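Structures are listed in the sections that come next.
Same chain, two partners: chain A is paired with chain B first, then with chain C.
Here is the complex of A and B:
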């Protein structure tokens, strides 16, 4: 029986290992195994799994990696994640990765997909454009075909067919994964002192670097351990964090917010495993099932169009209410157009709903935590006063 | 600085623009409906089918940049919580609303009746119109144009766009305008478009001649005006391109270069450049002068392709009206992936016999700018011609540093000279 500390330590080791030794070891275990890297925010990982490949989340280089080459590819006014991703590529840290999927997030990652094609012509790479029309007969039809093309691309890469049953089996495992992830989030929302966000975050990030079966077990173990262990409850306020769905804040920042007196009870860090909010049906056509789930049951986030004005920001307001957060920290990477263009609209909706918020910017390699601690601390104090 | 000397085509265009602004600002008197939409993926012919007047916020931002009022608008938007990091077109537009929303003709812009969110080649478009929708609370029609990530369009992408046109956009515009869609009317407009497109392509291709009778960047932004804005599909645009062709032909006959803002033909062309990226608008004439003062003419540019890549052979097709609108949207420059952009630019350097590629990297614009350093390296590698990189912004005067740009340009021209000497070619 592992303790939360043991599980977290294992996750942290995976998270910090920018040589991706575990994924390399997975690949080396059997001949012909392939690893497929994917970037934020959402990729149907079921497809990669059904192809017998390991999906590997590439979330930039964090604050531990020195970026030397990557800066030569990007102007100063572009966020950090593409340059550290390039750094990972040119320094050979991803030399075992057989394919890369760049989902639609924004024009930076979109264009990075083309850079990858030019820099690594021998790596299969795919730009994956999800629909912005949410009518099943329009966006759905388009998306099913895009999934079919993804399937064919993976088949060519691996040299083996992906059957409908393969996809259904994967959907089942990922449904389980999403259920367990939701459980961890619900547990944290109930008793945040027993599942600090710095742990939950590592648990989720590590899950994007291992087989889903293994992650499912790890999530169960963590839930068991967290429920078992007694931890002191502090007089913290409860906050939700939004705006951090792509380039990730450094772990220190995640910890700093907690240390400043905030229990994070909801967030959009590394959103991929919470992107679909309901189970994907395992009967019927699996591609249609994945498409419909995307259209009907996925989170609101900046890379998705919100067709109706009255729905804009509704997801955030409802999520805040559901998890009992007292306020929102809108924390975005610097130069992140999606999050920053959305910020006024989302914060207007929060204000209309009477939800207090603050906003700040970070970079994945931000080193100075003092200002953030102060801002979060002041926010926590003011929330205590208001409530 | 003296007024820009205007050729007849420029005067024609000025009139057209003025008429369109009058049509927009008089909507309450005329009862016409007004749409806002974008230059890439602009569906002007379709709007015309419903008698809807086309207002283009990007063009308003450019106008405000050139009239040097955008800086204030941007600060106004930032004051209201819009980040200093995001596209300044959006902030210039939103700031203008905050300051009375006055059109270039001095009259207030009326609220749009519909936002035609033609989502082609730029992420910001989606947020821009979500922001406007929040303000205007008017119907918003999203046309999602998938990105050509693998370097080509697919049947699935095209079918998806056509389906959206049939089931979302056309019914939406019918509802806003009260006019029934008539596909034959669309065919007529598309015929006009194709004709004008021939004219535009002919003009742009004259950049291959030496001396170049056109400037494909600073002059180019005028040549593309009618095609990229509210006039594609109109008989006026055909007249405009006929006139422009005559002017270019006359310069070819007289072995003359383009007319600079000083009013003189720019004949002493020492350097031929291909330029990637949008221009700076707040200091447009000053920027241009830095080029012609040094003898640099732009023979081809990517910015003149944001509203359609007609030079690659695409024409609007009256026989396949909706499909050709879909193909048009898919093919706009910024909807093409980076390897394709490199191919296009390298081809320009070669076919237009340019000395190299200059990139004006725009702080605002991730769609253009993210990846441009890689583009430069690749084009240099492919063509063996030196590249250069300058940075500015579209309509935010805070990011235009004349001294920096001038220095960079001067070193670039020296580099070209050295390269020429190295390969034994005379300047």
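Here is the complex of A and C:
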């Protein structure tokens, strides 16, 4: 029986390893194995798994990597994740990765896919363009074609066909993964002192760097351990964190927010395995099932178009009420166009609903945590005393 | 609200301050207080020691304390019920010590902050000094060491100055260089200290102005609150900067953070009890 500390230590080792030794070891275990890197916010990992490949989450370089070459490829007024991803590539840390998928987040990530094709012509690269029209007859039809293109790209890379049954088997495994992930989040929302966000975050990040079967077992072990262990409850406030769906904050920022007296009971960190909120059907056409799940049962982020302005932020208000958060910290990466363009609309919606909030910016390598602690701490004080 | 006992523990950069209160609605009775200089010791052990000491002073058992509130750098204090930030606690503590206070200047070992409060001690706005240490107690302590004088002599010596020297208010390194030059030029310790106090006072007066503290009483809290030289330099600077405030100190100013934590702890406990969620 592993403890939460042991599980977290293993996850942290994976999270901090920018040479991706575990994924390299997985690839070396059998000839012909392929590793497919993917960027935030969402990629249907079932497709990669069904192709017999290992999906590997590439979430930038974090705060432990100095970006030297990456800065030369970009102007100064954009976020850091494309620079550090380039740095990972140029420094050979991703030299074992056979393919890269760049899902739609914003223009910067879309353009990164083009840069990757030019810089690494021998690596299969795909810009995965998720639909912005949520009518199944339009966006759905388009998305099925996009999934089919992804399937064909993976087939060409691996040299083997991906059958519908392969995809259905993978969907089943990922449904289990999503169920367990939801369970961990529900547990954290109920008893956040037993499942700190700094641990849950590492658990989720590590899960995007290993086989799904292994992650499923790890999630079960964590839930068992967290329920078993007795941890003291403090008089902290319950907050939701939004705006952090792409470039991730440094782990120290997450810890600082918790240290400042906040129990994080809802967040949009590393959304990949929480993007679909319900099980994907395992009967019928699997591509249509994945497409419909995306259109009907996926979380709202700033990367998705919301046709009616009055609907913007409704998702956040409902989520805050569901998890019982007392306030929202809208924490966005500097220069994150989607999150920062949405910020006024979402925070107005929160204010209209009487939900207190604060907002600040960070970069994946932010090092000075004192201002974050002060802001989050005084916000927690105001919620404790005067809300 | 029934009578409860709450504790406040303030871990600063130089000192741990602990207080104990008996609170019944708006009535607060101060039961005990204790400070301990950190001097390279573990502040969390000192917090525990001072807490035990105030409990003994008041004849109270640990289990009788309804809420142990920490403040300052005590977020990781294991036995605290909850933590409040320094702005919140110094504001409340200042109003407890002097109900006329509508602004607070908390000047500790590493930085200073100006806080505007209402009559209940609720924070209305605040600002901190920038990263530079030249407005802090640690800097003043270093200068006293260079000059070979005891810390408690600083204030009275400063008040004896007849021709204060101008000191850089930008940077502690430049200010220290200034001081070395002054010593070699034979400037008296009084004039050097007054110069430093004036430099700090102008920055603090501007800080008060920037948070919109326009009139009334500004209570000084934190480790430098009892430096009479700084208090008088600050009052002079406020006249020059056209800030219509009077700076005052209180013999227990050093406890303001701990007092605020203890009293807000009582307030919070009452709120949680009302909501059926007492910690």
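The definition used in the following text is that the second predicted complex is superposed on the first by the 386 of 387 C-alpha atoms of A that agree within 3 Å, B and C clash if a C-alpha of one lies under 4 Å from a C-alpha of the other, contacts with A are read in each partner's own complex, and residues count from 1 in each chain.
FYI, a residue touches a chain if its C-beta (ideal position, glycine included) is under 8 Å from a C-beta of that chain, and two chains touch if they have at least 3 such contacts.
Nothing here was measured: the structure is a model prediction, and the numbers come from that model.
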Taking chain A as the common reference, can chain B and chain C both be placed on it without clashing, or not? Answer clash or fit. fit
Contacts of A:19 with chain B and chain C, given as first, second, both or neither: neither
Would you check which partner chain A:114 touches, where first means chain B only, second means chain C only, and both and neither mean what they say? first
First (chain B), second (chain C), both or neither touched by A:277: neither
More residues of chain A in touch with chain C or with chain B? B
For the superposed arrangement, I'd like the angle with vertex at the C-alpha centre of chain A and ends at chain B and chain C, nearest 10 degrees. 100
Per the contact definition in the header, classify A:2: touching chain B only (first), chain C only (second), both, or neither. neither
Just checking: does A:78 make contact with chain B only, chain C only, both, or neither of them? Give me first, second, both or neither. first
According to the stated criteria, A:129 is in contact with first (chain B), second (chain C), both, or neither; which is it? first
On the combined arrangement from the superposition, state the nearest Cα-Cα distance between chain B and chain C in Å. 19
Touch list for chain B against partner chain A, complex: 80-83, 85-87, 90, 117, 119, 122-124, 126-128, 130-131, 133-134, 137, 140, 142, 144, 146-147, 149-151, 154, 156-157, 159-160, 163-164, 167-168, 337-342, 361, 363, 366-367, 369-374, 378, 391
In their shared complex, chain A is touched by residues of chain C numbered 67, 75-76, 78, 80-85, 87-88, 122-123, 128, 264, 267-268, 271-272, 279
Which residues of chain A touch chain B in the complex? 72-75, 77-78, 82, 102, 104, 106-108, 110-115, 117-119, 126-129, 131-133, 135, 137-139, 141-142, 145-146, 149, 302-303, 305-307, 309, 312, 334-338, 340-345, 347-348, 361
Per the touch rule, the chain A residues reaching chain C in their complex are 232-236, 259-261, 373-374, 377-378, 380-381, 384-386
